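Please go over the structures that come below.
One chain, chain A, appears in both complexes that follow, with chain B as partner in the first and chain C in the second.
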Partner chain A sequence: MTAVDTSIAVDRPRSALVHFVRRNVWTLGLVGILVVLLVITKIIQPNYGPPAIQGLAISVLPLAFAAVAQTCAVLSKGIDLSVGSMMAFTSVAAAAMMDNRSESFAILVVVGVLVMGLIIGAVNGALVVFTRVPDIVVTLAMLFVWAGAALLVLQRPGGGSADWLSGLTSGHVFTQWVPKAAVVLLLVIAAVWIPIRRSRLGLSLYAVGSDSLAAFRSGVSVGRTKIFSYMLAGLFSALAGLSLTASTGIGTPVPGPYTLMSVAAVVLGGVSLAGGRGGVFGPVVAVVILSLLRTDMTFLNVNTNLATVAQGVILVGVVMVGSLIQLRRQQ
Partner chain B sequence: MATLTEGTNGYLLEATEVSKTYGAVVALRSASLQVLPGEVHALMGANGAGKSTLVKVLTGGVRPDGGVIKVRGAERAIHSPAEARRGGLVSVYQEPALIPDLDIDSNLRLTQTPFELFREWVRELGLEDLDLTAMARDLPLASLRIIDLARALAIEPDVLMLDEMTAALPANLTERVLGVVNGLRGGDRCTIFISHRMTEIASVCDRATVLREGATVGVVDVGEEDSADRIVELMLGDVAVEMAENSEKGQSPHRSEHVRPRIEVRKVGAQSRLRDVSFELYPGEVLGVVALEGQGQDELFDILAGSDRPTTGEVLVDGEAVSFRHPADAIRRGVVFVPADRAEALLMQRPVRDNVALPFSVRLRSWGPIRSKAEKPKVDKAVGRLQIDTRAGREVRFLSGGNQQKVTIARWVAGGVGTMLCFDPTRGIDIRTKHQIYPLLRELAASGTAVLLYTSELSEIQLACDRAIVIFNGEVVAEIDADDADETTLMRAAHNLRSDALLPSQVIASSTRAELAEGEGGGEGRR
Partner chain C sequence: MSGVSNAQASGRPRWTTASGIRALIRERPIVPLLGLLAILVLVSELIRPGIVTPNWAGVMIRAAVPLAILAGCQTITMLTAGIDLSVGAVASMSGFLVATIVGDTGLAIAIIIALVISGLVGLVNGIGAGVFKVHPLIMTLAMSLVVLGLANVWQLERVQTGSGVPGEFRDLGANMIVQGIPVNLLLFIPLALLIIFTLNRTGFGRLLYAIGDNPIASRLSGAKSWQVLTVLYVLSGMLAGIAGFLLSGLTNTASVTLADSALLPSVAAAVIGGTSIFGGRGTYTGTIVGALILTVISSILSSLGYPEAVRQILFGLMIVFVAAAYTRITTD
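Showing the complex of A and B:
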């Protein structure tokens, strides 16, 4: 009988710290890689200092929000190809509305644009849920819709940004080593994500991505949760668009390579494309790593095209090595 | 029966003439079910009879086309599991409804399960040291099912539905579960219990509703003397006679002594579970393997099927040592595998024909177009031989579990097979299909095939095998001739007990109502 009993026995509870490390091993590993990269950067470019770090933070901001947006969609086993277009649309909308208007009106604009992001996301989600057209098709279609809409708002880069909004991204906090953009990024993500992660809604998000049938049977409303995940993706895309306007001071109607880069960051950030696994902080760190890699290669005078190739190789390499280590640990 | 008035009849749950069709397939024609407060009610029927569909209708997983559902006399329309849950209808499904990527704690929060009650039930069900921070994905299936059950019990629903709760559970846990279900009797709530195992029904249920082909064909009082026979009769309808003949045909054990064994397993060990297993499998015999959950049988079958490699010992096929690196190597040597989980063997979204043809169209090793003309007769022959119901055959996933399992066997039969490894092929399959599978295995053996059959249902050894080996703790502890292999003997051997020792499980050895009365007084469940 005892032999049977052991076959269903479960690991004993571990200490909280060990537990935390185990859960976040991927993100912590990425932070380690980032630190190593910073050291390397300092070695190859000895005068790499606070201004460069501030510049890095500002340049990373839009893509970091985009990566979080993509993470929200991917966690519920979806994917949002319209992230880049939504960014362009919200960016030009904000820039056009804020152009030559008062600082206080800009507050209204920012709130309005964020609400717009939620609505656009809800449209994406509703189309996926109610028409049962695959996520990838719906969001691909929306990619064209919002890219076109962005060009309808502004034919060429233009518009403006409120000073307080631009001020949020430049400069530093406390010491010159802490860029304001990074603080804003972390505060915004934490303010939106952590309450959600702790709520039943957040659990549902993971549940639907992990096993939608089991989630359904556990009493989760699968459709509503999916729509919610796309609303979050829309909200963070709008934040990404706003940060684009804030950091450049204008709106650009042609989306950058943000959609595919956000997917790359999600993968590198330890979020499973099969849904249900990962968090938002991994992809954010991944974005910084990808950006810093590019900087380093510029410092080393590597041909930019070759740098792009290298970026791809590193992406595959890191994910592969990471998976191998995880496989080893499981054995 | 259709016009029972509200409140007067005292039923806790009353479903009347529920129907549901999927395209051309009728899952439920006219299913009715009345459950009294305080009773454990069995829902029985062959696979495809509509039990699971009825449960899904009652818990909001499936919307019925017609029929009335009343809870405590009030009519209810249930649109989703969440709504059913709020209305006090909770089901434990065959596949645990736990989220693999969330830890147990989060899973409990997701369903808003009362924590303390859950703890108590888990302890009562025999999972002592459960780590709530463990990911559901990392836990064995048996534990997940127990957790799922405890979670449902902790919600204290009015109607608790258990769909094949004891399938895939080791004997000691089965016993605990039956004890708990038994303890649910009496009081204001009720339990609907689905199981293929007659002894379990007899030991915990008060009444049984029998479904056949989507309709309720009778309600049997389990306490009555010949209730088991009546249930079987109702379940099988007109095929009962045919079945009896079949099982007699199946009883023709013969063993050729002086033939070279088809497979010799010599001192094979792997990982920690499988330590030292040796036996021979001869052509023309069905060799049973008996073991409690997790004694190394999974590893043994993986090794023989080419999915895994032994760390010690060797395997000989036709007298030649082999080292399979891939299931394709095993298949090339004529060693094929039928897993318990059909999903592991079938292309669920392809038709029956493609599934049956796959192994030998791959074997042709030609890169050209598939020769469907050459395929067809073979496939048709196999489909006919196994009596596969192909009406829903556009995609295999639309077939019932029994028919799916027949397809997994048919795909090996079609191309001809030397050795068939069957790992619990009748798990979760109805009696009728089971009794088609046993003669089939016998038939294969008669034509010279060597069959290795692991089964979690001990009665199958005498029905299908010539002899049986018993594995305990990674070693072969007994070899028993089919004639002597009654359930008690096998159970003792599986627990590695001497034949005069007492059995740990009374429920499984034999369950009479007298023993039950004792069990009830034992205070196993909380009330």
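Showing the complex of A and C:
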């Protein structure tokens, strides 16, 4: 009896540690790949410097937020196919309201759009929970709804962006090598994610994702947690929409390829589609890698369409290797 | 259950009670779906009296057929709890490919090449989903990126003049035999019968339902799921290729993004037709009616003069509503 007790006592912290290391190994590995890729970039394009890095950071911003949005939904074992449409909706809403208005009014608009993101996310979540229709079907349908709503706000690309908002993403901080957009990205994600991760809600998010029945029996309100995860997805989609408006200066009512790319980034970022495993920083690094890869292919004069092919192949390759490892472990 | 027997005991037809209706919908989802379709046709007539003619019906069917084929890909893959998100890219690619090479190779060879490539894409999907156990959503999504990228590369290699869509495809996709009967039914009816026969009457069809319903039980009873899934996704890819021929003929355009907008409606048609995204439940007849329902709904919305925006919103809400009603009825 005592022997059993000690073995559990010894085993538990170690397995927790192993689990922790394994989860971070993926993200650290991605960072390693990114560094290698940056070195390669510098070799093939010796001119690659601060302006290019700033450009990379700005272009990455919307997709990075979209990837975080998708992560929030996937962690609770959902999936949000409406991320791209929510981005279009929030982006045109922001652009339409900020057009020809004062700089200070834009602050109100930004806050309003973020609240709007929470609300449309809550609508998605509530529909998933109360209709008991699979997540993928509900968010597929809401993809049409939010895209339609975006077209109601603006029929064609237009509107405007406040100067301070655009200024927030361009330029650099301290040294030339630290793009402002990257700092904004990390600060915003950290400010929202870290408190949640450490709170009861964050824990129940992971609990519902890994085993909703077990979570329910230990007193977690599954429905409320799912709605919360979709609200987070809505919030980050709104941030992605705002960064679209900030970087282009206008709002475009047609959803870009962000939904599918966000799913790809989530998988590459080490988040399990089965829910409950992974974090938000892996997908962000994955987004940067994917877009740096595209840049490199342009430098090498490779047809950029082959970059799309490469992204698909990488996605398949990573997932196949991942599931092979898992199959091995099960045997 | 007790409601049904009560109704029968009191001598009333079983569909007059609420639980009897539920049982009817659960066992024969095609009946309420046809009812919904009839109501929608009636609504079309009420909104614009005189619009429902054989010609109108023909136009509806002509538009629904490519959608129904793509939704067929979703139906057969969803039966095994999968999904095929590469059908949009594959259908566009096959239509585009034929239009660009038909001048050099002749129609028959061009069709064969396009179908072989569509099948190869499906083969990769099937190996990924079956052998490597990659989630079909991810696998087919990634393959759609690969196909789109390669099609774009091909587009830059090949600059073709005009639309390039062969005249035979235009006849097949856009013409009518007589008023109300589009030519594409000549292709679709045998195809649909083949799918329905395969699902209901062959061992392969049973295996699809079995794997989707309970993968562990089917494995223990000797089904080799990787073989079944590989064949399944090859078939799905080839169906998408065929849909691409019809779509390029219908619109007389060949573009690498032609069928992208049909991807999500194809999933919606299968869901509305009663196919469960969790596998093991669904029929192709339901899906065909689902595709007709979606086509009539979008025609009603456009004849009401609603802008595209309102149409999309109503379209989305309707999918949620129908799916919710289904879930409620079939799980109680």
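Everything below uses one rule, namely that the second predicted complex is superposed on the first by the 294 of 331 C-alpha atoms of A that agree within 3 Å, B and C clash if a C-alpha of one lies under 4 Å from a C-alpha of the other, contacts with A are read in each partner's own complex, and residues count from 1 in each chain.
Here is the rule we use: a residue touches a chain if its C-beta (ideal position, glycine included) is under 8 Å from a C-beta of that chain, and two chains touch if they have at least 3 such contacts.
Because the structure is predicted, anything quoted here is derived from the model rather than measured.
After superposition on the shared chain, which partner residues are touched by A:G219: those of chain B (first), chain C (second), both, or neither?
Only chain B; A:G219 stays clear of chain C.
Which partner, chain B or chain C, touches the larger number of chain A residues?
Larger number of chain A residues touched: C.
Is A:A265 contacted by the first partner chain B, the second partner chain C, both or neither?
A:A265 sits against neither chain B nor chain C.
For A:H19, select first, second, both or neither according to whether it touches chain B, chain C, the two together, or no partner.
Once the two structures are laid over each other on A, A:H19 reaches chain B alone.
Just chain B (first), just chain C (second), both, or neither: which does A:I58 touch?
A:I58 contacts neither chain B nor chain C.
Determine, under the contact definition given at the top, whether A:Q311 touches first (chain B), second (chain C), both, or neither.
In the superposition, A:Q311 touches chain C alone.
Please indicate which partner A:G209 is in contact with in the superposed arrangement: first for chain B, second for chain C, both, or neither.
Only chain B is touched by A:G209; chain C is not.
Once the complexes are superposed, what residues of chain A are shared between the chain B interface and the chain C interface?
Comparing the two interfaces on chain A, one with chain B and one with chain C, no residues are shared.
Which part of chain A faces chain B closely enough to touch in the complex?
Against chain B, chain A makes touches at 1, 3-5, 7-14, 19, 200, 203-204, 206-207, 209-211, 213-221, 276-277.
Which stretch or stretches of chain B touch chain A in the complex?
59, 61, 80-82, 85, 91, 93, 95-102, 106-107, 109-112, 126-134, 139-140, 142-143, 146, 170-173, 292-295, 472-473, 495, 504
Taking the touch rule as given, give the residues of chain A at its contact with chain C in the complex, in rising order.
79, 127, 131-134, 136-138, 140-145, 147-152, 155, 260, 263-264, 267, 273, 303, 305-313, 315-316, 319-320, 323-324, 327
Which of the residues in chain C come into contact with chain A in the complex?
Contacts found on chain C: 83, 124, 128, 132-135, 137-139, 141-146, 148-150, 152-153, 156, 264, 267-268, 271, 277-278, 307-320, 323-324, 326-328, 331.
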